[in-house]
Amino acid sequence: MARFLKDRTVTKGQAPGSLILVGSKKMEKPVIRIMDYNSGKLDEAEIQNIEEANRYISGDSVTWINIYGIHDQDLINKVGDIFNIKSLYLEDIMNTDQMPKYITEDNYDAFILKMLEYTGEKISAEQITIILGKNYVLTLQEKVGDVFDPVRNRIRSHKSRIRLNNNDYLAYALMDVITDNYLHIIEKIGRNVENLEAKIFSNADNDIATEIYRNKIELSYLRKNIRPAKEAVLNMIRNQDSFFSQDTINYMDDLKEALIHATESIELYSNLVSDQLNTHNSLVSNKMNQVMKVLTIFASVFIPLTFIAGIYGMNFTNMPELKLKYGYLLFWILIILVGGLLMIYFKRKKWL
Amino acid sequence: MARFLKDRTVTKGQAPGSLILVGSKKMEKPVIRIMDYNSGKLDEAEIQNIEEANRYISGDSVTWINIYGIHDQDLINKVGDIFNIKSLYLEDIMNTDQMPKYITEDNYDAFILKMLEYTGEKISAEQITIILGKNYVLTLQEKVGDVFDPVRNRIRSHKSRIRLNNNDYLAYALMDVITDNYLHIIEKIGRNVENLEAKIFSNADNDIATEIYRNKIELSYLRKNIRPAKEAVLNMIRNQDSFFSQDTINYMDDLKEALIHATESIELYSNLVSDQLNTHNSLVSNKMNQVMKVLTIFASVFIPLTFIAGIYGMNFTNMPELKLKYGYLLFWILIILVGGLLMIYFKRKKWL
Amino acid sequence: MARFLKDRTVTKGQAPGSLILVGSKKMEKPVIRIMDYNSGKLDEAEIQNIEEANRYISGDSVTWINIYGIHDQDLINKVGDIFNIKSLYLEDIMNTDQMPKYITEDNYDAFILKMLEYTGEKISAEQITIILGKNYVLTLQEKVGDVFDPVRNRIRSHKSRIRLNNNDYLAYALMDVITDNYLHIIEKIGRNVENLEAKIFSNADNDIATEIYRNKIELSYLRKNIRPAKEAVLNMIRNQDSFFSQDTINYMDDLKEALIHATESIELYSNLVSDQLNTHNSLVSNKMNQVMKVLTIFASVFIPLTFIAGIYGMNFTNMPELKLKYGYLLFWILIILVGGLLMIYFKRKKWL
Amino acid sequence: MARFLKDRTVTKGQAPGSLILVGSKKMEKPVIRIMDYNSGKLDEAEIQNIEEANRYISGDSVTWINIYGIHDQDLINKVGDIFNIKSLYLEDIMNTDQMPKYITEDNYDAFILKMLEYTGEKISAEQITIILGKNYVLTLQEKVGDVFDPVRNRIRSHKSRIRLNNNDYLAYALMDVITDNYLHIIEKIGRNVENLEAKIFSNADNDIATEIYRNKIELSYLRKNIRPAKEAVLNMIRNQDSFFSQDTINYMDDLKEALIHATESIELYSNLVSDQLNTHNSLVSNKMNQVMKVLTIFASVFIPLTFIAGIYGMNFTNMPELKLKYGYLLFWILIILVGGLLMIYFKRKKWL
Amino acid sequence: MARFLKDRTVTKGQAPGSLILVGSKKMEKPVIRIMDYNSGKLDEAEIQNIEEANRYISGDSVTWINIYGIHDQDLINKVGDIFNIKSLYLEDIMNTDQMPKYITEDNYDAFILKMLEYTGEKISAEQITIILGKNYVLTLQEKVGDVFDPVRNRIRSHKSRIRLNNNDYLAYALMDVITDNYLHIIEKIGRNVENLEAKIFSNADNDIATEIYRNKIELSYLRKNIRPAKEAVLNMIRNQDSFFSQDTINYMDDLKEALIHATESIELYSNLVSDQLNTHNSLVSNKMNQVMKVLTIFASVFIPLTFIAGIYGMNFTNMPELKLKYGYLLFWILIILVGGLLMIYFKRKKWL
């Protein structure tokens, strides 16, 4: 299956706006968790039906509804009803091949982002939707995971900045976790790239080209997921009517810079990787030249000498040299002479 | 025949605005199909003369006239008369080497787009014109095909969104089919590209460079057809006076994003393909280096040894070594010594 | 002589604005042809002195003055006086190394364009100046040619669109001929480029790199001449006070699109040509690898065997193996063993 | 550790805005130095507590507070309190992986810049923050260094322009030192790059590819640090409400130009380095071709000759040639003939 | 010394605005020449002290003061006083590593440009400053030269356009000489580049890569000096308050176009040079492939044959073949058979 663009045969011939999961189903039954807090109180709960969320949202406190699992069409439909989300955008939530983007509507702001995970081999992406409404934050993830645990822990500490701020600060904190992770992954890949240098110069390994290629691919994958995220944040900052307060937008500026830093680092490492391949090729070429020189010297010196030895191994009845008293000595003199001249020739050509 | 720019000798020396088919004639007699519907009723018909379309258009319902075959100059002329289309644009309809574009006039909006088909080997393009007038949609295709069948089926289902909306939604639905198909084709080519990776690393196949080139060519062909389509949609969205209602323009936004996604994926895969060629070249070079080393070691070790053997095969009458009791043994000691030293030399050079 | 930038030693040290021909003189005596027409009448004449043109221009009809030969300083000076053209622009007319451009003045609009000709080997350019005044069109060409004959023929047909329109339509028709020709030449080069593919894959020909380079050069030459022409047309369309009527500007839009199509096709083919060179290099490299493997297998198998044979050709008096009854048989067993092991080794390395 | 993007594990899971040093701690205890001056007087002091700075700032004179060491969280916090700096920006000061940038607030302007140092091997960066407030300049450096000593000396000379101007001129002078240093480093690397040319053409050294790569890397590192600095200065100049007077902004224009010059020189040298690698590869390839030709000529001439000699070394009982009187002579004639013909063949191929 | 960025150690640690020569001192004592003219009169003089210029400037006529030699700090200081030039710009005049630029002040306009000289080997640059004040033109050159002699000669001819116009036309004429020279140099390099083609295809020369590189370097050097000159002229044309009259600005438009033509030609030739290197590499690679094939055929055919001959040169006492009557004949049959089969094999592989 193509990794950079997902298989869409499921949606082929479907009316636009149909709710169909594009991507693979990563868990069985969706799980819904609620955190409801303000500076004074904190409620944590796991609910079975999304309708129960209504009770929390109606209050004054900040409600964070986290849904794990986006493959259940009914659930997504109900989410659309409760939070008043257009079916067009519901479709986007279920299409895990969606590019990161920012959506702004009268009753909510939404970000579709990618949580990236790097196993050391390959980067994989999980689509995360963050919807910021009047006094709630709704997040949708493809599967149960511990991505947002640091935020959860911060909420639990009742003197944390999240508890003292509104729901838009929570949305920012969640995005900050995702963005921070981007820089961590780039840093890891960057370390791989930089470590490859030593290998390239020692040229000990035949798989260098393969490793270089892998790094390039992963950097492409990062770029594909992070560049539109930067655009999304920029769009939000430019939007006058967003659900984000000016205070939080100041923090968002920081996020924007992190994303700019991320994209520039990706560009930088991509160029570095290209340079590495060129350098590696140049070194291989250089080495081949060395090998060729050794071969040429050996062959060019010994082939004529062997020919001469071959001549005096012939069985012609009449070969005057063979009968000379110092024939064998003269042969050696000839050999040394020819060999010596060839050596001088190669020295002149600077091959020795 | 050049595939990326079609042969224009037919139009050479012609006055601009002459109606001449650029491209190849793909069917014999044009076919005209009509679907006339609103939420309540649905009429389907095949008409012989385009003039009969007048009867349907005059009504309140949405009329979709689909013409297969654009090589008939008379027919196109009549279409121009009935729908009041400038001869300049009629010429564009018949020029299948036209780039995708958006045309806006007082009495209609038009899109010229390319329907792409991928046989697994090559992508071919069919030019499709979609004209959106007051209460009709006129489509022109190069040949009879089943491209729009999913839309037809949706119209036939009387509770579909198309039936509940105006003709601009129909135009959108048709464009959505075309755009969706772009992503399917890119996904297929992308899969080819990604599958090639394994081949490159096993290096089992000599035709890798050829396959890489083919992928590159098809991606160029995709870019040529899809990039201007994106521009066309953007132009339409920017146009204040288009025949598209605000509601449909919201859907068009989705189309725009799909096209952006498509062009970015093409770019991504193009870069990936270039990287693959570089990596493949690097691996071939590496392999050649390995081959060279093996050759050099074999030749460099055995050529001097053969020379020594050659010496003692000479027939000089006076060769003292030959008569030594342990001459043969000493010869073997010499051989092992020389061979061993060469081996150490190559080990030092890290060729072993 | 540099083909992409012409020799300017003639103008070195000259005051700016001096009328000097940059480029080579392509004909002896300038020729001046007049076509004077309106929907009712048509006059054709060849005049000796440019002053005679005055008689035609003063009338109401459209006057087309076509001058072949721009090397005659006196003639160009008189043209400047009669049509009231700044000496700065007269200099541009005579400088055939001028880039295509659009000039707008109070009393005329002017285009400097390049008519391209492709002999199958090389593209050559002729500079053509089209000046559109109140009721005349003045064209200046480097030499007598049949470029504009199709337009002349259309004028002769009294029901042609040219006859029914003003002089700005004539100017457009002339530019259309030039632009159309661009697409024809690109299509021809494009066909060359696409045909090269087969050669590259069969790799039968050693001159592939040369042919690829030639295609690249010609595409550069095309780009150099066509890109500024596009800019010139865009400038004209943006100009509010041009001598072109709104109707003709609509046609110019078509021209603009043709030029955009042309420049994009050039870009596309340039990339294709680069890809071809890379692919060709990769295939050559691959082939070299094949050649190397064959050489290595042959040399590596037979060199040790020859060494063994060499040993038993030695003349040591005391070589026990030689006297063994089955010595020769044992030798063959050894040979087959060594050869077999080497074969297995190469099979392991996947060289066989 | 990745050099282009620093390890951020320290901040993982931390709330945004936490004051944590990203990068390595470069000194033990922070040092705070004060210079307090106007045209008439100059005070120099080293203080233990940043609070003591308050005494100087309250006066009319220009106060320059220079802090060496940014790893002490408490100190940075106090700095934030005294100078009224947002915690978000305090975090930036401690994050040595910050990109250069310009911050503008109601009560101060700030620049985060990188002081670069080139050991001849590698460029290293030190983060320097320059904060310009009402009548003070606050600078923060990672470690004690002599970067700003020339500025200090100029302050000590009581008729220097710095003493006669306000604190914004001091800020400019500090930035000028940093920018000037950029050009010095680029010039040094440029010299390395240009000196490499001779090596490439003599091709004496095998490490050319490695050296070229090192130059490329250092240029990337320079670009990463200098390009955002240019942006920062441009942002400041565009800012209407900065703490910089119009006079100093005129000087800043000069700085801007120096930074543009720097970035363009980096671009230029990067291209030059790429061209060097390509040229080097081409020369290696050329040389390999030479080596191959020598090998081929030697092998192709002597291998057939050795074969002939081998034939007459065979021990068949019945070999008529061996018994011919002039057999040996005929053999030599054959050898010279075959060798000569091969020589002619190679001459034809222009290998000799 | 780095050629693309000059050594700045002289300015290290200096206060900005100090007058120090960056670059090498190209002459001993500065020389000052005056031309003072209007349509009626012409005064030429060489003065010793720049103060004497005051006498000329005060008059109504156009005064051109040409200073050769910019290393004399005192002179430059006096120039600053007399013509009221900011010390910042005086510094620029003495910094020969300055990029070309346009400066506009209340009392003068200034251009810093580079006069280029091409010896056939290398391009060298001389910095020329042209300052246009109320009724004077002040030019500063690094050394005495004949660059402006054509302008001087035109001034001497009393009916020349320069004499009839104001001082801004003189400034234009001087810039025109410089710009014209750019095109001459590009044309010369272009000719070198285009002539290299033949060499590449004949592949007679080993220094092709070196020559290609030299061309590339010189083109980079041209770009570095000409591109900012274009920007400078564009800035001037955009400037509403410049000392240039509208008439002269029309001429400047021509200059602008020449500079655009120059930069585009440089770009074109740079691409051409890159294509040449790629083509050259491809041809070398192709040739190596040819060489390899010849070697492989020779070695692969004769090595097995030599092995066979070696076998029958062995001295085993019991080798039945040796005693066969037709042994030698059979040997030859075997040889021809093996050789023939190998030939067929290589024919199959299309190596013959």
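Per-chain residue numbering starts at 1, and chain names A, B, C, D and E are given in the order in which the chains are listed.
Methods note: a residue touches a chain if its C-beta (ideal position, glycine included) is under 8 Å from a C-beta of that chain, and two chains touch if they have at least 3 such contacts.
Note that the coordinates shown come from a computational prediction; the quantities given were computed from them, not determined experimentally.
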### Query
Moving only between chains that touch, what is the shortest number of steps from chain A to chain E?
2
### Where chain B and chain D are represented by their mean Cα positions, the distance between them in whole Å
42
### Query
chain C to chain E: how many Å between their CA centres?
26
### Summary
By the touch definition above, chain A meets two or more other chains at residues 281, 285, 288, 290, 292, 295, 299, 303, 306, 310, 313-315, 319
### Query
Round the ring, from chain D on through chain E, what is the full list of chains in order?
D, E, C, B, A
### Query
What residues of chain D sit close enough to touch chain A in their complex?
1-9, 11-17, 88, 99, 101, 204, 206, 208-210, 212-213, 216-217, 220, 224, 277, 280-281, 284-285, 287-288, 291-292, 294-295, 298-299, 302-303, 305-306, 309-310, 312-315, 319, 321-323, 325-328, 331
### Contact footprint of chain D on chain A as seen in their complex
150, 154, 160-162, 172-173, 176, 180, 183-184, 186-187, 190-191, 193-194, 197, 201, 250-251, 254, 257, 260-261, 264-265, 268-269, 271-272, 275-276, 278-279, 281-283, 285-286, 288-290, 292-293, 295-296, 299-300, 303-304, 306-307, 310-311, 313-320, 349-351
